[in-house]
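Below are two complexes that have chain A in common, paired first with chain B and then with chain C.
Entry: the complex of A and B
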């Protein structure tokens, strides 16, 4: 009975996703539930979804990261520059992810050493990293030679239908499994929950709280790096002005998926579902010919509604 | 006796129950205008519950409150204040970013169409401060920049400015220096002379004797006695506070103290813990008594690496000096925090997560953890220490206080530490759970030779003297940051310990 209640905590957002999907499938045009549109939805979710993996860890630990969008932009610029310099695409992608991890380390280092709250530190790095991307790119888009990196998130070419979705989506799914496993099956994962649930208790139990936080922000940066690779795949150029405001979509995905901004709560499945919900609304509204402003208002309402329902259920449980 | 004056404020037959525990069992208390009436009692005697009833935070199950003979039912602290009863708490309730005058009139600002009448705010603030002999205090000063003693004056001024006639001071001197205390007593005396009724709650009996006209002793939720302070000695009041004899609640099997596990000398962690030296052997329970705020908690926090060590040495095994909590677990030391809700336990996490939170031995190679193994550990300990639960995945916040505390202790047992630091392990739990905890603690100190379990060394802080005498082998008292010598319990009584804790002991 108790485990059912806990399960419903994760299943709630999933049920919401199914309901919203069915709504569009019934009310919207037939093309909405076509396999090509489903593939598009998956592709569009991959960028926010992969960044949401890291954000889930950060939010469970009781933190927040506002610099994700800026990191994505910096990563696209770094990858483009490396490709231009003739570096192997795989190394360029790994270099981009490393750059994200470095930015994450900066966040974690400042938060734990300066004892400044994450909101302020990452509000600062949000500007610093964006500025660095623009400076590095001389305020221009950087062209890059076409490589297989663009295939990561490109629509499937005919004859490759056996892959169902492009490699970039598979990569995101695989990473999601990896992070979900990390949270449930590793000591680090349990420590992340403990730090977010009650930092003082964690300290009492000898958990190296600062080290856990730094690791969490490094992972958050690395996953922003993955999102940057996928973003680059879509753009095929380095653009220092891309992904403006994406951090808010990423945070929204985690929160819709049951993450609590006061820490200690959240799940990978929930966050992925949260990211999907937002893409489905966007796609569905577009297919129904609704203007952009309607999508935005609907998405905004869903965010508040999802959290309100979650809080209401928790109050009833206790 | 027909001309008996009506008390300014009176409580009659106040009863309050929490579940099976009776916190207040028919308390009578009154205070007349122009009088200081002290309310004394050991920690846990029911003072704080009584204050919550008085301030409207709790509704009594039975009994009445009267203000000038008229029944009075406060629904909130603001309600009580409007009616004329002001509470001045230990932790002052001022907004540090606001000015003195804005604090004094907070929530009661005179205004026209939402615009504050600044001149009236200023006038009433200055008026109240002058009554307290602090007319020179700048009303536009930010409260956050004032010293504690002055903030207390601001808080009292707030009570006067809105016309309160009953002023309740809860442990007002606990964070004051001696000079500030003298000053505060001057203020209290002038309040009384102006015809205010003052309720003075304190542990410090010498203060009560000096400042109060009458006293009432609260014990186990009842008024155990009252009288005029001038007619009673401090020893009389102590006897009323203790009252009852130790019963068979405390099992104590024969213990065999072994080698010294913890050797502390001249340990200091300012500002609260100033000087402590003691040794703790395997198979022994050392109790540390004293009043709340005496520095006991700070002492164990320094031992466990949660507070800095300014001077002195802590010798555990081969190490000495400050170590982090993580190191301490490695040294075989575990701590149960006095504050279950904010530090001891993560209430929103499961029993299994809380017991195994240190994860020092449940994680396999590469830091992998098997949830099923953690659940098994939790089920095992739940059975062994008697945690009443629906299962290992139950949230700790859903358990009773006694069961929560067993989870906190199970964490140390699972870690199999040698030295247990228990800070107020029985605070806020019911009598039945207390007895179970005493049994667990006794068995830990005795060891379990058939199962090759060695006895543990236990340091236990408690504010409840009967418990210290019943559970411990030796007891030391801390008074204003200094730890006295450890006495074998055979040579102690609640009376001598209480005298020492209130600074009357005259210990050499």
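Entry: the complex of A and C
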């Protein structure tokens, strides 16, 4: 019964995604459902999607992270600087992810030690990390030599159709499976749900709440680091001003996907679907030639609508 | 056509010029800027969307001379020709580059500033944003012009106004702060700003501090407020580009190419110096406040 409930929880957003997609496929031009546009949608979702993996863990644990966009910018800058110094691209990418994890650790450390709510701590680090990115880059963008990193999220070259989508998208999908497994099958996963559902009870049950929280923020930072690697792959430069406001897209993806800001609820599949819904709306509006302001309003309405329907279904069930 | 943003008056003029060309040449024009103004990643998305939508040609004002290379290469691979306007792209995948000679614009602004100052004094320059090729060239043009005048010292040339009027306003205040003497006087004689937002931000900062008019100020681009500043003699001269023509030429060169004619790889759209003295001449009026309403929807 419980697994059935969980299933319907993720099926809701999925049904929404299918409905929105069909709407654009029927109302929009043919090019919308072409394979090259589907590939474009997958590529454009990868950045928000990979950051949403970490954000899902954070939101399930009852926290929030507003510093994700800043972390992505810092990571692109760090990678560009490392590449410029002649470091191997793989090491540079790993270094970027480590930088993200370090920022995440800072968040987790401050939240658990200072006992300040995550919203405030990460609002602070949102500025600190953005400032660090600008300072590190001397308020400029950093040009980097071209490496295979740019292929991660580049459009597929002709003759490589067998990959279906670029490696970066596969990487995101693989990581999503990994995190979903972690949430459902491991003790840490259950602890994260427990901490988010009721922190006091979790503490009384002997769950090391602070340690769980720090781990969750480190993972959140590491996934923001992955998003930063993908962002760098798209830009091919280190840009300290990129990803402004992306944290809100990431949070919206998790919330559309059934995550609850009061903690204890959320799923990886849901969050990925949430991220896809936003890209599909963006792409559909662009293909239909709707202006940007319409697109922004439509996305806003769908966020509220998606969550309202979700809550309504839950009330009916109980 | 893909601009860098849609709210600056500069882009509205480009849009109007493009619409005029589209109407005359009987082509359909789709106008779409990045969702977040001046966001490189968002502009890449717009190019990608246009490619999958299968447009016949793309006219692009790239936000970055490197980051936009890959999407432009993809367009060319999909047999969609690209014309670059306003800012250069470090690539060979486009058919033509239509823009102001920005270096010349910077030189003209610099010489005018030096002429008013009589070839001596202390000046500052407010930069725009790193990586935006057009403004970087203007800045370099200004600095090159200053080398011709040994009597002029450059007090500051390392401050950036950033992407919006608000950030430029703040940067101007910070720049002017330590340069204030008593009662509306500054310890500098001349100021040069490199685009619409930095010129307006600087104008506001000067007006707030009560220094406007007490210092020689040369700006770049025009808007209603800047023209007002020129009329009040708060601004001594503005270097004007011709965005209307840039939009017009961008579209007409694309159409020419699509119809199989040969096009020039570089098209200059000209710069003009406007001062309080010549601002009421008809050709200047046309540049300062072109009648956009007949073209814009």
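One rule holds in what follows: the second predicted complex is superposed on the first by the 312 of 318 C-alpha atoms of A that agree within 3 Å, B and C clash if a C-alpha of one lies under 4 Å from a C-alpha of the other, contacts with A are read in each partner's own complex, and residues count from 1 in each chain.
To be clear about the criterion, contacts are C-beta pairs under 8 Å (C-beta built on N, C-alpha and C of every residue); 3 or more make two chains touch, one makes a residue touch a chain.
Source: prediction; values computed, not measured.
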* Asked: Looking at the combined model built on chain A, do chain B and chain C fit side by side or clash?
  -> fit
* Have a look at where A:194 lands relative to chain B and chain C in the superposition and call it first, second, both or neither. => first
* Asked: Is A:237 touching the first partner chain B, the second partner chain C, both, or neither of them?
  -> second
* Looking at the overlay, does A:264 come into contact with chain B only (first), chain C only (second), both, or neither? -> first
* Rounding in steps of 10 degrees, give the angle chain B-chain A-chain C taken between C-alpha centres. => 130
* Asked: Should A:159 be classified as contacting the first partner (chain B), the second (chain C), both, or neither?
  -> neither
* To do: Specify the partner with more touching residues on chain A, choosing between chain B and chain C.
  => C
* **Partner chain in contact with A:291 - chain B first, chain C second, else both or neither** => second
* To do: Scan A:86 for contacts with chain B and chain C and give back first, second, both or neither.
  => neither
* **Touched partner set for A:206, first chain B, second chain C, both or neither** => first
* chain C versus chain B - closest C-alpha approach in the superposed model, Å -> 36
* Asked: Taking the two structures together, which residues of chain A meet both chain B and chain C?
  -> none
* Complex contact set, residues of chain B against chain A -> 304, 306, 324-330, 335, 337, 342-349, 353-354, 356-360, 362-363, 366-371, 390-391, 393-394, 397-398, 411
* Asked: If you look only at chain A, which of its residues touch chain C in the complex?
  -> 29, 31, 34, 36-37, 40, 43-44, 47, 139-141, 143, 150, 154-155, 157-158, 231, 234-237, 239, 241-245, 282-283, 286-287, 289, 291-292, 295-296
* Structure fact -> Given the complex, residues on chain C that touch chain A span 6, 30, 32-33, 35-36, 38-41, 44-46, 48-54, 64, 66-67, 69-70, 74, 77, 130-131, 160, 163
* Asked: How about chain A: which of its residues touch chain B in the complex?
  -> 2-3, 6, 184-191, 193-194, 197-198, 200-208, 264-265, 318
